[in-house]
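Input: structures, listed below.
Look at the two complexes coming up: chain A is in both, with chain B in one and chain C in the other.
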Partner chain A sequence: MKRLVQGNEAVFLGAIRAGADFFAGYPISPSSEILVLAAEQAAKDPGFRFIQSEDEISAANAIIGASLAGAKSFTATSGPGFTLMQEAIGYAHQVEVPAVFVNVQRVGPATGMPTMPAQQDVMQIKYGTSGDYYPLVFYPNSVEECYRYAITAFNAAEESLSPVILLSDAFVGHLNEVVDVDAIEVEAIPRGRPSLGTGKRFFTGLTHDEEGHPRTADAAVYREWLSRIRTQHEKVAVHYSDFEFKENPSSDTLLISFGIVSRVVAPLASQFALFRPIRIFPMLSHEIHECAQSYDKIVVIEANDGQYAWLVERELKRDIVHVPLLGGRINLDLVKNGLSEKLRREVV
Partner chain B sequence: MGKVIISGEGGQGVRVISHTMATLLANLGYEVSLLYDYDSAVRGAMSVAYLVFDREPIANPVIQEADILLKLSDKAEGLGAEKTVCQTGLCTDEEIPFGKLGIEKFGREIFGNMIALGRLMALVGVEVAEEELAKVLPLKYKEENLSAVHFGYHLKEEDLERGLKSRKRREFDFSSEQPGVADLESDSQS
Partner chain C sequence: MFKDLLKLELFPTTWCPGCGIGQLMIQLAMVMEELGLDHTNCTIISGVGCTGRLAGYFNVDGVYTLHGRTLPVAEAVKLVNPSLEVIVVSGDGDLASIGGNHLLHCARRNPNLTVLCNNNQVYGLTGGQAGPTTPRDTKTVSSPAGAPYDPVNLQNLMKAGAKYFYAKTTVYHQVHLRSCVREAIAWPGFAFVDITSQCIENNGRRLGFNSAYEMLLHFRRTYKRAPEGAETLGPYEIGIVRKG
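For the complex of A and B:
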């Protein structure tokens, strides 16, 4: 049945549809609705477990432990909490733990502006923990997509055996739209890794062999592991090369935006070509190249000071214009003003 | 497409009014987007709801110019609309003392929110059957809420003009023809 659903609620419902049965988290705006719904779920469903932990470090480690024990597990947080989770995320990559981390972004750094939307965790997601790793990251821009990509995030986690990030922002998380979630068909992939069992087991954040035994000075083991992980993640990413492209043959400019900014930019489709990556990482390199080749100017519009623009510039190896939307204010007038200033012509 | 912005302070009822209206419109088959923009201070800080409804999918839910702006406080800046309906003293377009009416007609200031909802529904031109309305109103004080929405929906321009004049006399005097609780109860029974 169609009804009004909130973005954060849709993420939670998608997680349940994906088979999630464990949540641990620490409340933080603008993600807290997910935690509240998880608490309510645990109260009515004995098969669903919930921990409100003492902090985000504990929550992140709890979902890793639950996953190793066989649960489909997830947490939800925002920038400052996500920062605290970085060590655990690195551990989950090292130990190959499927789990979903939802980051509903707000203005930072630190506690910043708790209810104001931002997209300032792009770099943190890609480079926040130590070492080399290849995270899979999705960023929906509607309530319907919050549901769909919550399921997708769990599926990608099971396929890649890694922590997958579902990005959102304060506006997408607090957006209410009319959706019939039961009519959305996304198949949920079952657990990709057997649970602990009761026998001897050993997990370590140290570089290790296939049995989990530390190999802390063996470069060959490390290189083989990294190569396998990279290949594995790239292979899985191909299944989820999701993006939206609205070409515009009468324009010489391609606007790239994602999340809530892409909704704000949408009315400019008659003046510009529009590209929206949904899979943020690994970057949609081939797709961005293909879509950008017909346009003289590439503009990245994002609610940060050029984090994704820098990555696109590196990817395309050409000058990129970036329009930052800062301080939690995201609207079409700011976009038009920014474009007018950067393109040196009036955008109306 | 209809665009409504409701602005106020945390705790004033921006969420109740906007979510009830959005749910009602969704139940009537409209595509609806409702977006909250608020400061993290729980009470007394800026709180804005952007509501868009249409028969087609909604591209941009972040609106700046609305058809109607309901202004319950002066906290939010930079919001515009073709028509502004406000709590007394906050605009010169259409002033309605919602809180005072809530007390006078229904015994509590809080019913002013439902009067505002009724006025908004009338201004956006969406007719609602009482049965549909009853499904989405807060359960507590449902009858009073229904009556208050009904009251707001049926406010007439001439009543508002008279009310504006009477405000200068430090009171807001609606005509006795305006339905009160008793009238509405008898209406609903018939």
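For the complex of A and C:
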């Protein structure tokens, strides 16, 4: 049935559709609706487990424990909470634990502007925990996509045996749109790994060999592990190379944006070509190269001070123009002003 | 045989000769055998530090969590799979310092977990720094003039809840230790067993002990059984206090 659904609610409903049966979290704006919905779900469905944790560190570790015990688990937070979860995310990469971390971004750093949207966790998501790792990250830009990519995130986590990040922002999370979630078809991949209490395995955050035995001073074991993880994640990422490209043969400029900013930029399709990565990481290298090759100028518009722009620049090895939308204000006038200033011509 | 519960092929263990964790491991294996706990019905969750390595020596699924995070992991495992016996084994630094907030709140939520705290009063693995349970005035590498603060009172912390189970024992008192572990597993809520243990290499020698054996004799001399029915354990009393 068609009805008004909020972005955060769609994330939750998508998680349920994916078979999620465990949530742990700590209240934080602008993600708290997801925690509240999970609490309500647990109250009506005894098969759904819920912990309101004492902090985000606890929540992140709880969803790891739940996953090892056989649940499909997730948590939802925002920038500062996501920072507290970083160590656990690294652990989940090391131990190969599938779980979904939802990050509804707000303006930072620190407590920042708790109810205002931002896209300032791009680098935190890619490089926030210690060591090398290759996270899979999706960033929907509509309520329908929140639902769709919540399911996708669980599937990608299951396939890659890794923590997958579902990015959102205060704007997308609090957006209300009319959708019929029941009409959205995304198949959910079931849990694969046998749960705790069935074997004699050892799950450790120490570098370990294939049997799980700690090997903490053997570079060859480490290199083999990292190479295997990288290949595994790259193989899974190929199944989810999602993006949106609107070419424009009459323009010499390609605008790259994602999440809520891509919605704001959409009316400029008649003047520019538009590219929107949905799988933010691993970067859609091949697709960005392909789409960028016919355009002289590449502009990345994002609600941070150039985090993804820097990565696109490194990827394309070309000069990139970046238009930052800062302080939680995101609208078309700001985009046009930014473009006019950076492109040195009036954009109307 | 209780030895069947251990991965003997991985022996010798990572621990120093004379370490108290080996004794804890053997006693736990004996109780598990007695209670019929094995890889089909039990999991061991351990934290970072010397004690954290214990889970890897048992023939059950084991999780070596991040430092301080045994309790959030264990509580979630128990919630998802209530029929599984979930045993947490970790050190005093892991449980009472870096994991202190989780200890406070996990005990408050009172899940059916058994927590065995190998309390050697020092950060052994990192070289012998003072920890949350180091007695005041003890000289360690990070408290050369003596530990400046009183140690955390684990008993009082546990007894802050409306329901609690707190047992105090030592690795010297093996029969008592086994009985505490047995009772903790039987307890239908959060059960905390505070096990005084020796770290000879990174604490004992600095305190003037020549061997682990001397430390064990010290435990024998100083720790006495609490009177029957005691509601509070004195500083050198072993026993169980509980309220259901």
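The rule is short, and it goes like this: the second predicted complex is superposed on the first by the 344 of 348 C-alpha atoms of A that agree within 3 Å, B and C clash if a C-alpha of one lies under 4 Å from a C-alpha of the other, contacts with A are read in each partner's own complex, and residues count from 1 in each chain.
Rule of thumb we're sticking to: a contact is a pair of C-beta atoms (placed from the backbone, for glycine too) under 8 Å apart; a residue touches a chain by one contact, two chains touch by 3 or more.
Keep in mind that this is a model prediction, so the values were computed, not measured.
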(Q) Using the superposition on chain A, tell me whether chain B and chain C clash or fit. (A) fit
Q.
On the A-aligned overlay, A:G199 touches which partner chain: chain B = first, chain C = second, or both, or neither?
A. second
Q) So, does A:Q232 touch the first partner chain B, the second partner chain C, both, or neither? A) neither
Q) Does the superposition put A:T207 against chain B (first), chain C (second), both, or neither? A) neither
Q) Can A:T83 be said to touch chain B (first), chain C (second), both, or neither? A) neither
Q | Touched partner set for A:N337, first chain B, second chain C, both or neither | A | neither
(Q) Quick check on the superposed pair: does A:S241 touch chain B, chain C, both, or neither? Answer first, second, both or neither. (A) neither
Q: Based on the superposed arrangement, let me know which partner A:H174 touches: chain B (first), chain C (second), both, or neither?
A: first
Q: May I ask you to decide whether A:Q271 touches chain B, chain C, both, or neither, giving the answer as first, second, both or neither?
A: neither
Q.
Could you work out the angle between chain B and chain C as seen from chain A, using CA centres and rounding to the nearest 10 degrees?
A. 110
Q. What's your read, chain B or chain C touching more residues of chain A?
A. C
Q | Superposed arrangement (fit on chain A Cα atoms) - minimum chain B/chain C Cα distance in Å | A | 27
Q) Can you name the residues of chain A that touch chain C in the complex? A) 21-22, 24, 49, 51, 53-55, 57-59, 61-66, 68-71, 73, 87-88, 91, 195-206, 212-214
(Q) With touch defined as at the start, can you tell me which chain C residues reach chain A in the complex? (A) 7, 10, 39-43, 45, 48, 53, 55-56, 58-66, 69, 71-77, 79-81, 84, 101-102, 104-105, 109
Q | Contact set on chain B toward chain A in their complex | A | 19, 22-23, 26, 30-40, 58-62, 64
**Q.** Touching residues on chain A, where the partner in the complex is chain B
**A.** 2-4, 29, 113-115, 171, 174-178, 260, 263-264, 266-267, 330-333
